[in-house]
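Please see the structure below; I have some questions.
Chain lettering (A, B, C and D) follows the sequence in which the chains are written, and residue indices restart at 1 in each chain.
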Amino acid sequence: MIQGIYTPNLVPFLDDGRIDEDELRRIINWLIEKGVSGLYPNGSTGEFIRLSFEERKRVVRIVAEEAGGRVPVLAGAAESNPELILEACRTYADLGCVAVSITGPYYYKVSQESIEHGFRNLAERSPIDIVLYNIPQFSNEISLPVLTRLALDCPRIVGVKDSSRDFPGFLNALHAIKPQRPDFRCLIGCEEILLPALMMGADGGTLASSGVVPEALVKLYNEFLAGNWEEAKRIQFELLDLINAMLYGTNFPEGFRAGLSLRGFKMGTSRQLLSPEEQDNLEGIRSRIAHILAEGEYRLPQ
Amino acid sequence: MIQGIYTPNLVPFLDDGRIDEDELRRIINWLIEKGVSGLYPNGSTGEFIRLSFEERKRVVRIVAEEAGGRVPVLAGAAESNPELILEACRTYADLGCVAVSITGPYYYKVSQESIEHGFRNLAERSPIDIVLYNIPQFSNEISLPVLTRLALDCPRIVGVKDSSRDFPGFLNALHAIKPQRPDFRCLIGCEEILLPALMMGADGGTLASSGVVPEALVKLYNEFLAGNWEEAKRIQFELLDLINAMLYGTNFPEGFRAGLSLRGFKMGTSRQLLSPEEQDNLEGIRSRIAHILAEGEYRLPQ
Amino acid sequence: MIQGIYTPNLVPFLDDGRIDEDELRRIINWLIEKGVSGLYPNGSTGEFIRLSFEERKRVVRIVAEEAGGRVPVLAGAAESNPELILEACRTYADLGCVAVSITGPYYYKVSQESIEHGFRNLAERSPIDIVLYNIPQFSNEISLPVLTRLALDCPRIVGVKDSSRDFPGFLNALHAIKPQRPDFRCLIGCEEILLPALMMGADGGTLASSGVVPEALVKLYNEFLAGNWEEAKRIQFELLDLINAMLYGTNFPEGFRAGLSLRGFKMGTSRQLLSPEEQDNLEGIRSRIAHILAEGEYRLPQ
Amino acid sequence: MIQGIYTPNLVPFLDDGRIDEDELRRIINWLIEKGVSGLYPNGSTGEFIRLSFEERKRVVRIVAEEAGGRVPVLAGAAESNPELILEACRTYADLGCVAVSITGPYYYKVSQESIEHGFRNLAERSPIDIVLYNIPQFSNEISLPVLTRLALDCPRIVGVKDSSRDFPGFLNALHAIKPQRPDFRCLIGCEEILLPALMMGADGGTLASSGVVPEALVKLYNEFLAGNWEEAKRIQFELLDLINAMLYGTNFPEGFRAGLSLRGFKMGTSRQLLSPEEQDNLEGIRSRIAHILAEGEYRLPQ
């Protein structure tokens, strides 16, 4: 059952550039202790495209092992060709993941017809449930008509994660799909609008900020569930400052990496190099995030 | 006090291309009887740019006269140069309008610095309150930092109407401005997200669909005010079909003109010609709208 | 016969904001003396949208009077509704202009079908030849299929002025139209690529820089006609520095206004206000332009 | 010496989805016989991103082996993280390639500062010359200031391949770099404007159409070199129909794959699936290409 607060996992690196597997395990345990609903390795936050295919599979293995069934794992499988996607699907099924998440194709522009056909083909062959991942900023959009037809026709496709920041589009997806397939999971991937998405019927969200302040996102979600919408609103608005500090002013997901390092984890240096000026600038951003983290009460578990 | 459901007024035309002033008066009266909170002539819905300057002033005069103080009038004053904007401001002040609405400059790309400076200059000289109208689809965006500084520095600028469809941006505007200037009016100009906007603190909306089904929008707003959020949600979702039918498939605002003609008003032919094939196609859209209008219970006053 | 170097006329303003008609006449005479092939009032360079309709007609009257038949006048008639366009066409025909130039609709997004239908309608009713003005940066694109059909079907539509900066598209227009209608005029509106456009078959260009350094553009054109392509290339590349200095770093067309003021004309202050910081910055741009103008030999007639 | 007509190699597939190595070798030999100046495996045309890393290295090995020093090989090395790029550089250096071609990062938006810093880092460590590959349609743009600084500072960076379709930008690059570093290679990657690019100083092009009608592109280039510009122009314009037929109406590079199959090579099925309707539609495109190929005289060697 995919719902609630899913955390897209950041990847810590060692000085020699390899993945810091011990620290990744520490982070996973910390997140589960803080109460997140699920884990989401190999998303955009996890810089999947900057890992090799072997590394991506390794990351999911670590996350799945460490979760050990305590929370479900939704594994990113947005490989760049259909056969590799299918290989990823098989691997992640074997690792016990609850589902995989797959974007539209990236790099090339691809027609909506081809995208739909490709997902239908995949849905027939995949041994694991699929969540469509709509992020038109980085990859080909999965349009609303395509999403709707896939949701209504393909049992293997069990949900959508919408990071498009297009809230009218998200509401239209809820409206087009939920009345006919109530169990189809609609997750919001835009942290600024988590609460209104929940209010309108979303099942949860995959939210990079939940990797930095899991307490706050979990609390927001629980207040929502309890009907304490005013308190949930307060948290949502208070989170905006932190989100803005982490999202803007540097390459994504550097701000989130900075945030998590301030929570006591060694994140190392990202594989996408920053210029020396940008590294200096990142210090300013880090200070700002530190200040917000120190002030905010949302760090605290309830 | 600008709040609630404001209707951007469509303009009916006679066969000879002139504005059908009698029908416009009929529409105004009908809208006021249906309970809309205010009127908004010379918006994008009102095709202001396809009228001459004299016609724009005439439209506001008619609307203001016919409203006769029963509801406030927010007048579009997005002229294409600052002196004409100021002339429009003076005219609409004399006509008793509550405020004017002004977009960022259109046609040219203009820097945010120039846009801010231009609005500061205008705010000092205008005899009437100003609502900033953010519609980056058609005109230069008014960015969040510029909007925030103008809201906090300029008493004459009393609100924003946000038609950008960018809900994360709208929440950030609420968060940046309202705590410091609670009386600053934040209106949503995107009908698909009226309810979530209200839930998060919007003061109301300017919504083209309220010119076609005022009963539904007024009812949604009243249910929201009464705390009946589930009923408000039901109406919001039910409205999506109608909104989509009117927004897509033809040039804006032809779908809304078709909708209003189905409510019994003679809208005439728009000045932006449609090709014969598009006119045929519009018949199909009209049928679809008619079908939705006939089925929906939201047409009925409570 | 529309060909060669057409100058889009900048508009000088008096301190009270009115058009400086005497200075405009001085500029016109200077341009004709420098040898430009034609004049083009009410283009984007002429800030047509920041004038009132009456002022636009006044500008064309002045330009036409002062030209006095020495060079042809192509008059911008991109009014915002079809009836006003037609009124402009009639006025400019009476003033003896050789043709009018009309953009796709601006502000709204309009379908290609409607744009084509609108131009066909206009072509049937206009008393003066029409040049289509493609500038998708500021107004709806006139797509290649629409342009081609209009060129082949409508005798009244005699040419295109392409400011899209899309050179593959321009070559496709030449290829689609010229073999079937050799007299259709294809003018390039992007000064960086004037020479390659001429080399590939363009009939000329409408080029804002010809309003600042008419000698250079006229010389480039004449060297091209004489088959001295290497010399023409030298001028084209040398011009890039000046073009970049005038195009970038401030709102268009402020850089060109600064350039013309350095040639000895009083341009006054543009109606689109600059912030104080931008005005300071404009001084730096002005210095850079002055430096390039002082160094370049292209100012000199041959 | 990188100049002239470089062919971006299409990749043929077997029925089981593996690369058809024999057919690839056949194509390489055919291209060399037809006189192309160089080969360019692993470009966008070669669908590099739809291969695995091992396959990409295999493709370059085959091309380099088969070329056997007869023509230089420019190898695409646009891996998705810096360490993999460097590994590719080492491999392609060992295979005797003349240089590698690298795009800006794809998927994420990355700052120009980071892009510049990343390329400087790479230029210091690479054992092989680098050609920057600017294709903002699919990956982060390499802006003109960044390109210029890299060209003037980094000996390892020896050229640019510009597929942006932005001809004013290409001329500005020639103007900014060539006078200070005349041996910097400027290749155009937009086939519609090959001739004007050559006329203005480009060193050649990487052109997908040269993989289908190598005779035509080679002839165009030779006529240009011989000063027969009118004949070169005729070929350039005649090519537009074929280019348009292959570029539009289906996913890139399906049209080019169809074109090459019509020249007698078995291309197999692309890994990016087409819907059944698109496959039907591709038949129509294939017919159109066949018709153009049959009519055009440009297939013939001179």
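The criterion applied here is as follows: contacts are C-beta pairs under 8 Å (C-beta built on N, C-alpha and C of every residue); 3 or more make two chains touch, one makes a residue touch a chain.
Source: prediction; values computed, not measured.
Novice: Among all the other chains, which ones are in touch with both chain A and chain B?
Specialist: Touching chain A as well as chain B, we find no chain at all.
Novice: Average the CA atoms of each chain to get its centre, and name the chain whose centre is farthest from that of chain C.
Specialist: A
Novice: Would you indicate which option in C-D, A-B or A-D repeats the interface seen between B-C, with over half of the contact pairs matching by residue number?
Specialist: Selected pair, repeating B-C: A-D.
Novice: What's the distance between the Cα centroids of chain B and chain D, rounded to whole Å?
Specialist: 50
Novice: Averaging over Cα atoms per chain, report the distance between chain A and chain D in Å.
Specialist: Comparing mean C-alpha positions, chain D is 35 Å from chain A.
Novice: At which residue positions does chain C touch at least two other chains?
Specialist: Residues of chain C touching two or more partner chains: there are none.
Novice: Could you list each pair of chains that touch one another?
Specialist: A-B, A-D, B-C, C-D
Novice: Okay, in this complex, where on chain C does chain D touch?
Specialist: That would be residues 165-168, 171-172, 174-175, 190, 192-193, 195-196, 199-201, 229, 233, 236-237, 240-241, 244 of chain C.
Novice: Going by the contact rule at the top, pick out the chain B residues touching chain C in the complex.
Specialist: Per the stated touch rule, the residues are 17, 44, 49-53, 80-84, 105-111, 113-114, 116-118, 121, 137-139, 250-252, 271-278.
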